[in-house]
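These are the structures in question, set out in turn.
The same chain A turns up in both complexes below, where it pairs with chain B and then with chain C.
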Partner chain A sequence: MDKNQSLKLLVVDDEPGIVDFTEKIYARRGFVTFGATDGIAAVEIFQKERPEISLIDIHMPYSLIDGIETLRRIKQINPNACCIMITRITDNEAVRQAKALGALRYVTKPLELADLDKVIEEAKEKVQNG
Partner chain B sequence: MPSIRDLFHSLGNKHNILTIGCGATKEVVSECLKERGLSKELKDKLIEIQGNLESIIKETFEADKITIEIHDRIYKIIDPDTGKLRGV
Partner chain C sequence: MANPLKEEAKLYKQIKDENIKVPFEVWDLMYHRIGDALTAINLSCEYYLLINQDMPIDQAKRIENYTRLIKLVTDKITMKSSQNDPNFPEFKINPDLHPAILEMFMHYIPNDMNCINLIIGDTIDPIDPHPVSVEKIKRILNSARSSKAFMDRLREATSQTVKF
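On to the complex of A and B.
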């Protein structure tokens, strides 16, 4: 059995290609993955599936709600939700808001797979150790 | 016509697809390299592909740095939503 088996990962990004790639990569690593290209859909999936880890893009101009509002709504559903935020270098204010809302970590785009693996591993340990 | 803001957002996303996609492909190639009984010719080709993918990742990070520099310069002089020069 894969060590990641049964852990659920939600990927939220307004670029469908990113969602697709990231889902496939982490499904290969044994996660049960879910994807959303807008914040509203992401919150609905979170409500229904309760993923242990959520990877959320902050800047989603084509979404009705951005990544910060998505994080806020997810934290309302589960204050202990483990959320990793994805941002551009220029989003300093958004990073500050994400931290204030209780995001576990943030990573900057473009992402290197090894770096993404590290933060997801960190989130996984946090989930497994309570 | 898309706004400058849209274009930079889209460009950033494309860079992200390239780095993630090449990283994932490199991983698959690495797994292929672990297979037993590969000919030297095939091994060399796979290693070359890994190098090519690594180059794309590095070049994409460089391209992204330059994109951010251009982004900052353009935003100072052009409104990214209207496409109009500031202060004119």
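On to the complex of A and C.
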């Protein structure tokens, strides 16, 4: 049995292609994955499924709420939620806010799979080690 | 993948010596629009390589759309498209890039996108559409990585790094 199998991963990005393939890749690695292309849907999924790890894009102009507000609402549901933020290198203020809200880590676009693997592995260790 | 410019080392030296910068608005537009599209191209290629299967024609068409958007952004930055473009409402300034920066912008990303489009164009050819082979997916991924590497190199050369 794959040791990732029991972990749930929520992917939030307003670019459907990013959500789709991130889900597919990590599903193959044993995660149970969920995807949302807007923050409201992401919070609903979080409330219902309680994923151990959430990967949230900060800048989502096509979402009703941005990534910071999504993070804030997720942290209200579970203050210990393990959230990784995806950002632009130019989003200094948003990064500061995310850090203040308790985000675990930040990665910047353009992303490669190796970038994601690194932060998700770190999050997984944090979840598994408490 | 775009070949390195012959005078690349000289251009980077000039950027460093003259402390040439890229306007914040240009970086912001690039990392917003190009960042999303390059990420989507990277992850879709990585997925089909992971499962070791050809990329379906529909997905190849989506990649073509991403490259079209990236080309629009680079055209905007290099002033090939008009100001007050409704596609880029957030981009209201005249970037006025230094010629050394402009030369790089006009070379790397457009050539990488052309490489991808040549591969995709063959695949989605209406006369004989066919999936993208694993070998060709690797070439698409290399071109997308080349554009990202260019953005990283230029950001480093202009000392415009952000630390979290």
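List of remarks:
Keep in mind that, in the parts below, the second predicted complex is superposed on the first by the 130 of 130 C-alpha atoms of A that agree within 3 Å, B and C clash if a C-alpha of one lies under 4 Å from a C-alpha of the other, contacts with A are read in each partner's own complex, and residues count from 1 in each chain.
Criterion: a residue touches a chain if its C-beta (ideal position, glycine included) is under 8 Å from a C-beta of that chain, and two chains touch if they have at least 3 such contacts.
Computed from a predicted model, the values in this text were never measured in an experiment.
Annotation for the three-chain superposition on chain A: chain B and chain C clash.
Once the two complexes are overlaid on the shared chain, A:Pro79 sits clear of chain B and of chain C alike. With both structures placed on the common chain, the touch criterion links A:Tyr106 to chain C but leaves chain B unconnected. Once the two complexes are overlaid on the shared chain, A:Asn92 sits against chain C while remaining clear of chain B. Comparing which residues of chain A touch chain B with which touch chain C, the overlap comprises 15, 17-18, 21-22, 24-25, 59, 88-90, 109-113. Put simply, chain A touches chain B in their complex at residues 13-15, 17-18, 21-22, 24-25, 59, 61, 88-90, 109-114, 116. Only residues 15, 17-18, 21-22, 24-25, 28, 59, 88-90, 92, 95, 99, 106, 108-113 of chain A touch chain C when the two sit together in their complex.
Listed in rising order, the residues of chain C touching chain A in the complex are 24, 27-28, 31-32, 34-36, 38-40, 42-44, 46-47, 50-51, 62, 66, 144-145, 147-148, 151, 155, 161-162, 164. Taken together, the chain B residues at the contact with chain A in this complex read 5-6, 9, 12-13, 15-21, 23-24, 26-27, 57, 60-61, 64, 68, 71-72.
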